[in-house]
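Down below are the structures I want you to see.
In the two complexes that follow, chain A is the common piece, with chain B as its partner first and chain C second.
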Partner chain A sequence: MTAGSRSFSKVLIANRGEIALRILRACRELGLRTVAVYSQADAEALHVRFADQAVCIGPPPARDSYLNIPAIISAAEITGADAVHPGYGFLAENAEFAALCERCGLVFIGPSAPLMALMGDKVRAREAMVRAGVPVLPGSGVLATEDELRRAAGDIGYPLIIKACAGGGGRGMKIVRDEGALVTAWSMARTEAQAGFGNPDVYVERFISAPRHIEIQVMGDRHGQVVHLGERECSIQRRHQKLVEEAPSAVLDAAAREQLGGLAVRACTAVGYDNAGTLEFLRDESGQCYFMEMNTRLQVEHTVTELVSGVDMVQAQLAVAAGERLAWRQEQLQLRGHAIECRINAEDP
Partner chain B sequence: MAALAALAGAKSITSPFVGTFYRAASPDGPPFVEVGQTVRKGQTLCIIEAMKLMNEIEAELDVKILEVLVKSGEPVEFGQALFRVEGA
Partner chain C sequence: MTFAPSPGRITALHWPGGYGVRVDTAAYAQYVVPPHYDSLIAKLVVWGATRDEAIRRLRRALGELVIEGIGSNVGLFREIAASDDFAAARLDTHFLERLAQARPG
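Right, the complex of A and B next:
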């Protein structure tokens, strides 16, 4: 990992909508110039109007515009942008894009590409957590054959959950309550994983019924320092999508918060994590927490943490990407008040 | 790598890429096309440089060049008009 200053003055924002505006605001507050990119469908969008410069990168479909890596890199080249913020969604967790930015001399505002690749692979991330001493749910590695599957299921017991290595958002997940349903669920999960993520690899884990879903926000710099910004409680979900994000959680007391936050910091320090990230934990009814997965990016709900911590996370992302040290030590961070964010879904009943 | 330029409304030829526009193959070379010239389908009109790759942009139809809308060496975005043309 590179240490030291890699300052930049013009940030290309490879996204649109609310998050593009959020990043624009942080750049403006730090005196950084901005380049918006947009598809032909978004020529009138706010982020195009508010940015210092804007470049049309393609036709309306996202795969030809916001996911069009050569067009985005070219837009940085022709505008003289020297950094890229991916926002969330689109290319935010694409390690190849992060690596390509660096090869093209653009500072990628996020964790380094190898870390993104490591933590984006659920099996490798889990192995890294085990090495760092972080509790994980009893589970298996990649299961390629029925024999491996049966052996792993026998060790872990029921109920268990089958998950896609490359998955997220609930896709490719199957809960299995007894042995009779095991093989069918496994082959369906593999098919879904192949269709959804282009990778059929799945693994199994113990399934916790009625868990709390608690995630810890972390921020690291390129000098080996990591802090946590407390937790977000996101147990209320629908179809594996979070509906309510709340900080602090009603079930964690100060000691439990310190313990879980400390675990997250220890895990990130062990892998050398830099920039913003979130470690998701499952908490069972006894209060035991298990690492589930890590999001190597800013999240939609980062503002909940900003409200209770007083930390501007996007500004912090920009600062650490430029090689600056974190502006605070753990003991200087205090959480005050209570913040809740709700997702509003429009559904056809 | 060759690419076909789109003919938007039979009035202008637009850029299929984000990149840098060049009228000639080298800084001192002759332009691929001049105003008033009639070009044939498949003939190179200009180059758009993107990520160090020189992409030759070809005419999709036989057309007469009425105006060159971008100076050589200037950046262009996706869909930006490069040439004003009329059918030949």
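Right, the complex of A and C next:
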């Protein structure tokens, strides 16, 4: 990529599997040289064969290979790579890795490290969204007394969920469907939180019983421009793992899409977001969408967005990382048709 | 990021093709799926002018797909693609639980 201010010509792909091939293909079409890295378990993998160069970076466990930052940086130095694409998973949302790449003179194909750190912090990301006017799930602060609890529950409405401030993994969580069950559930949650985490503090949040998972794809450049590429619906999940994704969602009309996409663009513009990112929302039965979190990387399901938008998202990532301006304005992006993706996993049926 | 795969050698493999079908994968016949990483081996993506057309294409594409030698979730996708709830876009994060409950026996 030479048109921008941060030109590079050889991209190291710090990943494996289908996404490594996906990135290789984008690079090849743009005339960029490629470096694959691989573990000892992946010597026969296609990304190794298709890349211009390949470097073994360690034994099979990911922590010794695809998460082995010194080995990956060394591979870039040995091969003369001047950019790194992290794909998804592994190091894709590791802000320290992104910062280290830049310090080593490697263009990181993704958002700048401080933005990755900001949006990767759930509390700070939520605050940034609230400032930009993006709806988040109504929630309370720490509730220490029954009075505070009743007041917060009255504001938030039912059903609600009581969560331990120090919690995780479902412990200390109570779903409350009406006011009659509120105080008992609160006491039990505090007891469980104390026993489980040594801290009885709990808060309450609106509970959506049967949400749809809707996410907005955004792309920003280093010149302050951000666009959205519409939404994806990823409601078909098993244990929080997405299995089927589609674009567009059957439940968003053009006005709702413009509204949610516009909010996402506003929030990302406010923080100066660059490169590809996804804002995940939960949509309740009434149609209200609430921001959950932002993913600061290319996603597995970017392909459905590509098929309806006609945009090669990896090539767009490479272009904006090189300092180029986004190739399109919002009004030039037209979504066409419908795309559905199935994630085929090797697993016992 | 996902669950440990059912590793092993893919003994036979045929990906669907044709208009509006895209398969992103790094797997090939005789490829050995290693046990060390997440279980994703391919993304089957279809495009249609409408959602109905995309679903018809998905059913057709899933019908052409062959993976032998390892376990996969292709059967689950055939079930989803054939379901009335999916066709009607009656989706939420409990979709798969309802699908499982509706299975006979």
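Just so it is clear, the second predicted complex is superposed on the first by the 273 of 349 C-alpha atoms of A that agree within 3 Å, B and C clash if a C-alpha of one lies under 4 Å from a C-alpha of the other, contacts with A are read in each partner's own complex, and residues count from 1 in each chain.
One rule holds for everything that comes next: a residue touches a chain if its C-beta (ideal position, glycine included) is under 8 Å from a C-beta of that chain, and two chains touch if they have at least 3 such contacts.
These numbers were taken from a predicted model, which means no experiment stands behind them.
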>> Using the superposition on chain A, tell me whether chain B and chain C clash or fit.
In response: fit
>> Once chain A of both complexes is superposed, is A:104 in touch with chain B (first), chain C (second), both, or neither?
In response: first
>> Per the contact definition in the header, classify A:241: touching chain B only (first), chain C only (second), both, or neither.
In response: second
> In the superposed arrangement, does chain B or chain C reach more residues of chain A?
Replying inline: C
>> A:345 in the overlay: touching chain B, chain C, both, or neither? Say first, second, both or neither.
In response: second
> So, does A:18 touch the first partner chain B, the second partner chain C, both, or neither?
Replying inline: second
>> Quick check on the superposed pair: does A:254 touch chain B, chain C, both, or neither? Answer first, second, both or neither.
In response: neither
> Measuring by CA atoms in the overlay, how small does the chain B-chain C distance get, in Å?
Replying inline: 19
> For chain A, which residues belong to both interfaces, chain B and chain C?
Replying inline: none
>> Taking the touch rule as given, give the residues of chain A at its contact with chain C in the complex, in rising order.
In response: 16-18, 20-22, 39, 41-42, 44-47, 60-62, 66, 88-89, 210-213, 233, 235-238, 241, 243-244, 246, 250-251, 300-301, 303-304, 307-308, 336-349
>> Quick check on the complex: what are the chain C residues that touch chain A?
In response: 1-3, 5-8, 22, 24-26, 28, 31-34, 36-51, 53-55, 58, 62, 65, 67, 70-77, 80, 86, 89, 91-96
> What does chain B use to touch chain A in their complex?
Replying inline: 17-20, 50-51, 75-80
>> Taking the touch rule as given, give the residues of chain A at its contact with chain B in the complex, in rising order.
In response: 40, 55-59, 65, 70-71, 73-75, 77-79, 104
